[in-house]
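Look for subunit A in each of the two complexes below; its partner is subunit B in the first and subunit C in the second.
Now for the complex of A and B:
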C-alpha cells in the first residue's frame, strides 16, 4: 500500500465541509484515536485567522472541531511533540523535516510520531497579512474568515461581503504575502512524512483530499480510517497524479528562481563583509537558538558557552558556532528569521551554507534518520 | 500545555508573547501576531519565564506568614497611624492601570498626597498643558516611514525592539540623527525619540518638549510595563525617590517594585510592599502582600503607541 495514492474524503458531511480539502485528515486523526493507534493529536487551536497556538488532545470531538491549517500562523509544531506517547501531528514539510531531525537527536522516538503531511506553498507572517487586508483592499481584517493560496491567487475569504483576491506575485511585490523563507523553500510535498495530503491533483469539482501513503505508519492511519468507516476513497488516476506533480514542479521552479534572486544579493567576492555586517546587529537574545527545531542543545550549548555578545570577533562566536552547527542540518523553516529582533536574514544565511554543503556531500537534512555528516554522534543520539 | 497570551512587562513597548505552562514549569513562546513586535523579543523577554518562576511572595506581618486579609488589615491599620506628610505611595510602572487607579484611590482615602511613579521630578518640571506629550506614543510603523528621526540622548540598545524599526527607517531613506544632551538640532517634521526614566534629567525632558514645534512628534520611551499609564492616571506629584533618600519620608507603601532601588528602603520606619515575587525589597518589608504574577492579572496598560492594551487579551 505504501506508495499508493488516493482521492479520499470524510464520510461525515460536517467534517468534509469543514476540512481544507475533503476532511480526510480530520477523519484519519479521529480514526487513529478511536483505534488506539495514537494516544494524542497535536493540532493547532485557532484564535482568529491570524493566530493559532499548538494544542494537544486525545478527544476525537476536539479534533473534529479543530481548524484546518492556517496560512497566517507560521508555527513549527516539532517543538511541541510530547515524549513517550504515540502522537499524530499535521505537518508542513518543514514540520516533518524538523521532527525527523529532533528524533535523530533523541528528543523522542520517531516510531511514536505519526506525521500527517500537508502540501505547502508557504505560510505568511500574521502582522503583515493583517496589514495587507487593510492596505490592499481597505477592508477590516476582522471580517476575514479564511485565507487560501490557490492557483497563484491569494484569497481572503469572508462570510459577509465578497472574497478578496490578489495574485500572490502582486501581493509579494507590494511587500506582503508569504514569509521570505517560504518563497524560496522548494519542498512543497511532505514526502518525508507518513502521509502526504492536500488538494493538488484533485479535480476542481470534487471536494476530496489527494492522499499519498508514504510509510507503514501512514498505512496504519489510512487503514484505521477505512476500518472505522470514517472515509470514502478511490484510486488517484494517472491524470490526477500528473496534475499534482506538475503543480509541485512549478512551485519548485518558482522557489529555485527566488533562491537565485535572494542568494544573488551577496557579492561573491566579499561574502564575509556581508555576513559581518548582518551579524553585527545581533543583540544575543538567543531567540534564534530557542526556536531552531534542529538545535536541541540546552543551557550547556557550546554557542552559549563561548558566544557572549562582548567577545571581540568580527562575527560573535555565538553566531559562528551556530553557522557551523547548522551547516549540514538547517532545514530552512524560517523560525529563526521570524523571531530575530534585529531582522538578520538568518534563514537565508544558514541556507546558503546548508545548500552548498548539500551539493558537496549529498546529505539533505530532515528526510531520513541518517546522522548529520559533520557532527559526531552525541550522547543520546541514535 | 497551556498557552496564555500576554505582554512583556520589561518596557513600554509591551511586546506580545505567550506564557506557556506545562509539567516542566513556565516558559515563554513567541507571539507572531502581536503588532508591536511581530513575535520578536529582546533578551529580557526571552528570559521572562525565569522571572515568573521566582518564589511567589507570601502575605507576612513582621516576617511572619499570615493570611492575605490579616496582612491587608494590618497594613491599613499601620498606614492610618502614620503622618500623611511623611508617608508615600510609590508605584513605578509595573502595575496595570486598574491597580494604579485603586492604589491612587487608597492613597486619597488615607489622606496621603505623596504619590509617585518615579517620574514626578521630571513631570513636574514640564508645564501642565504640555504633559500630554510625555505619553502620546507613536505607532511603530510611523517610525519606519518617518522622513527624519532624532534620537536625543537616547540609546536604542536599552529598548532593543525599537532597533529594527530604526533600521527599517534607514532602509526607507529616513534621515536618522543622534543628538547628545544640549546639542542643537532641527526638529521640524521629525519624530523625536528620547527616554523618560527615573534617572532622566528633568531639564532635558522639558527642553525637548519646548523646542519641538507642531510638526514634530515626540516619543518618550520608558522602562517597566506601564509608566505611560501611571503618568496618564496622574500618579505623580511628589519626588518620593529623593524624599526617601533624604529621610523626609518615613513610611511607604510600595507597589510592584522594580529592581535597582533596593538601597533606598533600609531606613524606613514602615515599609509595606505588594509584589508578585520575593525579592531583596520584600525581605526588608514590615508587611508584604502578594499580587498575581503580571500575566495572571486582568487589566490594561498603555503601550509605546499610546494605546491601551490588555495584559491578557479577553478574546483569547
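Now for the complex of A and C:
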C-alpha cells in the first residue's frame, strides 16, 4: 500500500549479495520486466569500481549483472529516458526531481516512467576519488574493489590487504570525498519517486533493503516482485522507521551547515563584484547548458540566441538568462559545475538564486507536477 | 560622479494605458527630468525578463515597467503575469547585488499623467543618489 514501508531482500542469494543493500532494487526491476509492466530499464552500469555509465536494457540478465554502487554515479539519468516506452529508472533524489521537471516540460509522459528511488548521501567524482586513494593512503587505486560510506566513514574495500578507512570530514577537508554539490544537497530520501530504497534503518546484522512505497506505480513494481517471488519481505518496525528518519535528519543538518559555509558567506559580501569576477572566466563553451537536465530548450534557446556577440557586457547575457531561467527549476544536481572547464561554482550560484525564489514563492522544483511559478500569473493581487 | 550626470532610465509602457499616461503628462506640461527612454509595448505582459537583463547589461541605470492597474488589463489578466515576472526580477536583482531601486513596476492608467511624471521624478532622484549602474559597460553606453 502507498505509504507503507518494508524491509525486503532478493530471494536469489547472488542478487542479494551483489546489491548495494539486499538486492531489492535489482529484483524489482527484473520482476517488472518479466511481468511486462516495463519495457526497458535505465540504470547505471559499472565500468570499474570508480566509474559508471548510463545503460538502457530490456534483458533481465543484464540488469542482474549491472548493479553498481551509486556512489560512483555522479551523473543525472533524466536526459537518457527514451520517449514512448515504459521504463523503470533507478533514481537518486536529483534524478527524480529532474525527471519530474522534464516531464512538466513535455519531454516524456511521467506515467511511463517508474522511478525506483535510492536514498543518497552524495556521489563521488571518479577522477578525484582515484587520486584520493593514491594520495591519502599511498596505495595503488587498482587494488580497490569497492567503495562504501558508512557511519561517517569512507571505506575503500580491497580483496587483498586491509580495507582503507578515513572519516568523510577528513577526506573532504583535504579536497576529496563527495562532489561539492552533494555536500550541501539537503534532499536525501527521494520522496518524489515511486519507491524509496536504501539501507538506512536496516539493522546492521541484516542484509536487506528498506523500501518505502510512495505511489501506485511503486506499488505495482512491488506487487510484481512479490508475484514472481523474486523477493522476501517483512513490515518495517517503528524503531527502523525512526532510525531511517534520524539518519535523514542528520544528513540534512550537515548539508545545511555546509551550505552556510560555502554560500552563506556571500550574504555579507559584495555579490555583484563576486559574480562579475566568477563569470569573467566563462568561455561560453555552453557545456553547462548541454548537461543541464532541466534545460529543455535545445538549439532554439533564448540564452544562445540573445547571448551571442555581446562581448562588452560585465556578465554575459548567456549567463544572466540562464541564471534567471533556472530560478524556478534548478534542482542543484551539480552537472553544470562538474563540466565547467573554468571551474565557476555554477551549481552553488544557481542554487543561491533558486533558494531565494523558494523563500519568496514557497515552491520547490521537482517535487510535484505544479506548473513552474514563473509561468503562472500572480494570485491574490490587489 | 560628475555634477552634470543624468541617469538613463528605460521605460516599458503599455500601449493601452501608461503610454497614453505618459502622453498626457506631456500634453498637460507636467515637469519631469528628461531621463527616460520609452519603449511602447502592446502589453506589460509582453516584457520579457531577458530584455530587462539586457537593458542593464547595455548600461541603463534603471528599468521602469508600467502597465494597467490590476483588473483593468486590455488582455484580461496579462498584467498578473507581469507582476509575477517582476517579483522574480526583483529577487534576481537583489541576489545579483544590484540596488533594488533600479527596477520598478508601476500601474499607471491613461488618465494618470500626474502619476507618470511623479514616478519618473521620484525614480530619477533615487537613482541619481545611487550613481551610475555598476553593470554599465566600461566603455559606457552605446
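Criterion: the second predicted complex is superposed on the first by the 367 of 382 C-alpha atoms of A that agree within 3 Å, B and C clash if a C-alpha of one lies under 4 Å from a C-alpha of the other, contacts with A are read in each partner's own complex, and residues count from 1 in each chain.
Throughout what follows, a residue touches a chain if its C-beta (ideal position, glycine included) is under 8 Å from a C-beta of that chain, and two chains touch if they have at least 3 such contacts.
Owing to the predicted nature of the structure, the values given are computational and were not obtained by experimental measurement.
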Which of subunit B and subunit C A:286 touches, first, second, both or neither: first
Touched partner set for A:80, first subunit B, second subunit C, both or neither: first
First (subunit B), second (subunit C), both or neither touched by A:216: neither
Subunit B versus subunit C as contact partner of A:353, first or second or both or neither: second
Subunit B versus subunit C as contact partner of A:320, first or second or both or neither: second
Subunit B/subunit C common contact set on subunit A: none
For the subunit C and subunit A complex, residues of the former touching the latter: 48-50, 53-54, 57-58, 70, 77, 80-81, 83-85, 87-89, 91-92, 94-98, 134-139
Contact set on subunit A toward subunit B in their complex: 47-48, 50-51, 53-56, 73-74, 80, 125-128, 130, 281, 283-287, 290-291, 338-343
List of subunit A residues in touch with subunit C within their complex: 270-275, 302, 306, 310, 312-315, 317, 320-321, 323-324, 327-328, 352-353, 356-357, 360-361, 373-374, 376-379, 381-382
Touch list for subunit B against partner subunit A, complex: 1, 3, 5, 18, 30-35, 37-43, 45-46, 157, 160-161, 163-164, 167-168, 315-316
